[in-house]
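Before anything else, here is the set of structures, which you'll find just below.
Shared between the two complexes below is chain A, which has chain B as its partner in the first and chain C in the second.
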Partner chain A sequence: MANHDYKLIVSVNQDVCVGAGLCVLSTDEVFDQRDEDGVVKLVQNEPPEELYEKVLGAVRKCPSKAIKAEQIPKENKEA
Partner chain B sequence: MSSPSEKMPSFPMPRQCPFHPPQEYKESQEEPGLTKVQMWNGAPAWLVTRYEDVRTVLGDRDRFSTDPSTPGYPSLSPARDAVLDAEPAFIRMDPPEHGQHRRMLTKEFMIKRVTALQPKIQAIFDARLDEILEKGPPAELVEDLFLPLTSEVIAGLLDVPHEDHAFFQEQSRRKVLLDVDPEIPKEASKKILDYLDLLITERAKNPKPEDDLLSRLIVEQVQPGHLSHRELVVMADLLLMAGHETTANQMALGVYSFLTNPDQLQLLRDDPSLLRNAVEEMLRFHTIVHYNAIRVAKEDVEVAGQLIRKGDGVIALIAGANRDSAAFENPDKFDITRKADHHVAFSFGIHQCLGQPLARVELQTVFSTLFERLPNLNFAVPQEKIEAKGDHFVLGLQKLPVTW
Partner chain C sequence: MLGKESTIVIVGAGQGGLQAASSLRDEGYEGRLLLIGDECCSPYQRPPLSKGFLSGDFDAADVILELPEFFVQAEIQHLAGERVTSIDRPTRQLTLASGPAVAYDHLILATGSRNRMLPCQDLDLDGVLSLRTLDDAEALKDRMATAKHVVVVGAGFLGLEVASMAAVRGAEVLIVEATERTMERVVSPEVSQAFRRLHERNGVRFSFSSQVVAIHADAGRVSGVELQDGSRLSADLVLVAIGVVPNTDLAESAGLQVQNGIVVNPVLGTRDVAISAIGDCAAFPYAFDNGQCIRLESVQNAVDQGRCIAERLTGGHGRYDQVPTFWSEQASSRLQIAGVARRDDTAVVRGDPESDKFSVFRYRRGRLVCVESINSPADHMMGRRLLMNKCNPTPLKVAGVSCDLRQLLATA
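On to the complex of A and B.
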C-alpha cells in the first residue's frame, strides 16, 4: 500500500446529501446511511490509509458534493 | 446578434448507429466552447458534450433549473412536452421542494435496504427463467423475462396488483415515445395517473406501512400533511415508470453487448468477480436515458469558456460524457475490465437517479445468472435483424429473440 504524506479527515454535509448511496458502495467502512432517511453518516472520519483511494473516489462520485476529504500534511514522522 | 438559423444543427440528432451516440457529439467535444443547436420549435439551446462540462452543469443546483415551466427550457418534441406539461414529480423540481420530496423516499432505496431485497429479486428472476426453460427455445427476453422481472420488483415495493402489470407496461411504453402524435403519450400519462389515483385512494383507507412503500408514504407524509394525495400520485407514477421501463431496457442492451462481444462474455465467465464492473460498463456504454438531463440557466453562467445567458436552454448530454475519451480510454469499446463507475448514466447532481441501487442489484442478478443457466445463449435471428428502439426517450431493443 502506498504510503501517503498526508492524513485524510473526512466530513459529510447531511443537509445536501441526496441519498444516492455511491459512498456506501465505494466503502462501507467509512460511509453508512441513516435508517430513518437514507442520508449519509460517517462510520469513521479518520480512515486508514488503505481506504484513501476509495474515499477519494466517493468524494468524486458523490452527486451532491456532500463529502469532504481534507488532506492534512503529516507533521510528525514518528515512523 | 443572432446567427442565421440555417447554420445551427438541429437537435435531437439522429444516430448513425443505434448503439452509439451521434457522431456530432464527438465533433462537439473536440471543438472549443459549447455547440449551439436548434430545437424543433426553432428555439436555440446549448449542447454540453464533454464529461467534465456535463458534471459542471448537472452539479450546479443553484444556477441551472430542471423545471420545465421555466422560460427557455428546451423542448425535445411536442410528444415530450405533452408528458412534461403534466404535474411535475420531484425530478423536475428545483431546491428546496426537490429535496423535501426526494428525502421522503431516500430511505426506501438505501444500499442496505436494496441489498436485502436481492434474494427476492433472484427468486423472481429464477422463476421466470424456469418458465422460459420449460417452454424451450426460442424466447423473447424483453417481454418474457426482463419486463416481467423489473415490473414485479417495483410493483412489489409499491404493492401494485400483478394483473395490472401489462397495463402499466403498455402505458409506460407509450409515454417514452418522442416522435408521435402528442395525444399518445398524453393519454398514456393520464391513464397511469388515473389508475394510481384510484389505487392510492383505496390504499389510504387501510394502509399497511409494514407492507409497502405507498402505505408508508400515506402514513408518514400524506396524513401529517407534508404531501398531498395528488403529489403522492405523481410520485408513484415516477417510481413505477422509472422502476421498470429503464431497467428492462438496460438488461436487453446488456445482453446485446455480450452476445456481440463474445470475448467480453468469456471474460465474465472466466472471472465472475468482474460482474460489478460489467454492470457499470453496460450502464456507461448505453446510457439509455440519454435525453433526461435538460436544464435552463437561472442566471448568466460560463461553461467551457462559453457564456450561457439567463434563460438559455442547456442540454447536458450524458451519452456524450460517457463516451468522452478524456474520461474513458477507448470509449466506444465495450470493455468490462475497465473501471467505469464514475460514469454519469444515472445523471449527476441532486437529480441523479434515486433508484440506482435497485437498478444495480437487478442488473447484477440478471448478469450473474443468465449466461450460467443458458450457456449457449444466442440471437434467434441474424444479429442485424435485432432492432433498437430508435430515438425514444429511453433507449432499448424492440425485441430480443434468443435461442440456447
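On to the complex of A and C.
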C-alpha cells in the first residue's frame, strides 16, 4: 500500500451509533462493539497505516456516521 | 467451487450487491467479478436518505459506500448506469440494456425493491414524491425547504422518518394511514402508540383508517389530497410511502419461482444452481420460524445475506441463519427490532410503556420471537442474543425490570 502523508486519528460518537456492526466487518482490529448494548468501541485510535483503507471504508459505511477519522498531516516528512 | 477461470455476476449495486462483491474478494475469490447496477453513481446506502440527509447533516458524498478506487483495487468491474434486461439460463448469459451479452458461471440477484404507488398517483404531478434513491432524496430535500403543508401517505418507517424531519423544519405535517396505527404491519400496538405520542408531541397529526382516493392539482402542481370520506386537505408536498414491491421481473421472466420475492432455499440459492438471490428481492426460509418463507427489507438482511452467499461460493456451508435486526430513527427517538413478529403475537412490556424508553418482547405460542426496543439499546442487544441462542425467558421474568436479562441468557 502507498505511504500516507497523514496520520489517522479515529474517534467514535457512541450517542449516535445504532449498533449495526458494519464497522466491525470492515476491520475488527480497530472497531469492536460493547458487550452490553452493541454500541461501537475503539480497539485503538491511532491504527497502523496498513489499516487506513479499511478504517476509511468503515467511516463511509457507518449508517449513522458515528465514526470520524481525522487526517493529521505528518510533520517533517521527507519528499 | 468457483476458481480463477470463472465469472460471478451480481445484478444490483446496492447494499446487498456491493457487500456480496467485497465479501467475495475478502473470502479469496480470484475469478472475474462483475457488479452491474442501473443507478449511475457509486453504490450508496439508503438509510441516511430519510434521516440525516434531509436535515442537511449528511450530503451525497457521505452516503457513498465505496469510491471508484475501491473497485479498481479489488478488481471488481462495476458497470454503473447499466440495466440487465434478461437472463438466458440455458446458456448462462445476461443481456444488458445497452446491447451486449454477459456470460456468468454464477449469478447473484440483488435487485432490491421499488416503491409501491397509489392507484391515483400521477407520476408527472409536481410536488408528489416518493423516496428510494439519492435523486429522490435530493428532490424531496429541495421541496421540504419550502413546503408548508406536507401530507405523508403511509405511517410506516419511511413515512414516519420523513414526517419527523418535515416537522422539525416547521412544516405542518399530516400522516394519512390506512390501518388504525403506526407501523401496523411490523410492531406491537404498544410501540405504535408510543411513536404516535412522540410524533404528536412534535406537532405531527395523524388520520388513521383513512385512504387517499385522489390527488388534486392546480396548474400541474399538487394542491391537496382527497380522502375516502370526501374530505379535502391542502398540501404543497405529498410523500407517498406505502411500502415497496420486490424487483422480481428478471427472475420471473427467466422462469424462476417468485412469490413475494425471488424464492430461495436455506443457502440462498434458487432452483437453478447457478443463480442466487439476496436482500430486499429475496424470499428466504426463516431459520427461526421453521423455515417459513419471509422477505425482509433491512440493511442487516442485505449485508448478512451478501456475506453469506460469498462464503458459500468460496466453499463455506452457506446456510443463512442470522437474527434479523432493524433500526429506525424518528422524532429524536430510536427504535430497534431484533427478530420478526407477526400481527397476532403477544406483547410483553418491559419498562413503562407511557415513557419514551421501554421494550416489548413478542411471543408466539409461548416462544420469544421478537424484541422491540425504544431508546433501550441494552435490551435490544440482549434480545439479539436471546434469539440467537434460542433462549426462551418466561414473560414473567422479562416483564420484571429488576430481573437482569443477562442472567436469563446465562441460565437459559
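General observations
Just so we're on the same page, the second predicted complex is superposed on the first by the 77 of 79 C-alpha atoms of A that agree within 3 Å, B and C clash if a C-alpha of one lies under 4 Å from a C-alpha of the other, contacts with A are read in each partner's own complex, and residues count from 1 in each chain.
Everything below uses one rule, namely that a residue touches a chain if its C-beta (ideal position, glycine included) is under 8 Å from a C-beta of that chain, and two chains touch if they have at least 3 such contacts.
What you are looking at is a predicted structure, and each value in this text was computed from that prediction instead of being measured.
Judged by the touch definition given at the top, the superposed model places A:Lys61 against both chain B and chain C. When the two structures are aligned on the shared chain, A:Val24 is found in touch with chain B, with no touch to chain C. Partner contacting the larger number of chain A residues, of chain B and chain C: B. 18-20, 25, 35-39, 57, 60-61, 63-65 are the residues of chain A that lie in the contact sets of both chain B and chain C, per the superposition on chain A. Of all residues in chain C, those touching chain A in their complex are 45, 47-48, 52, 57-58, 62, 64-67, 70, 299-300, 303, 307, 325, 327, 329, 334, 336, 377-378, 380-381, 384, 406. Across the interface of their complex, chain A is touched by residues 59, 61, 99, 102-103, 106-112, 114, 341-342, 346-350, 352-354, 356-357, 360 of chain B.
Against chain B, in their complex, chain A makes its touches with residues 16, 18-21, 24-25, 28, 33-39, 57, 60-61, 63-65.
The part of chain A that touches chain C in the complex is made up of residues 18-20, 22, 25, 35-39, 57, 60-61, 63-65.
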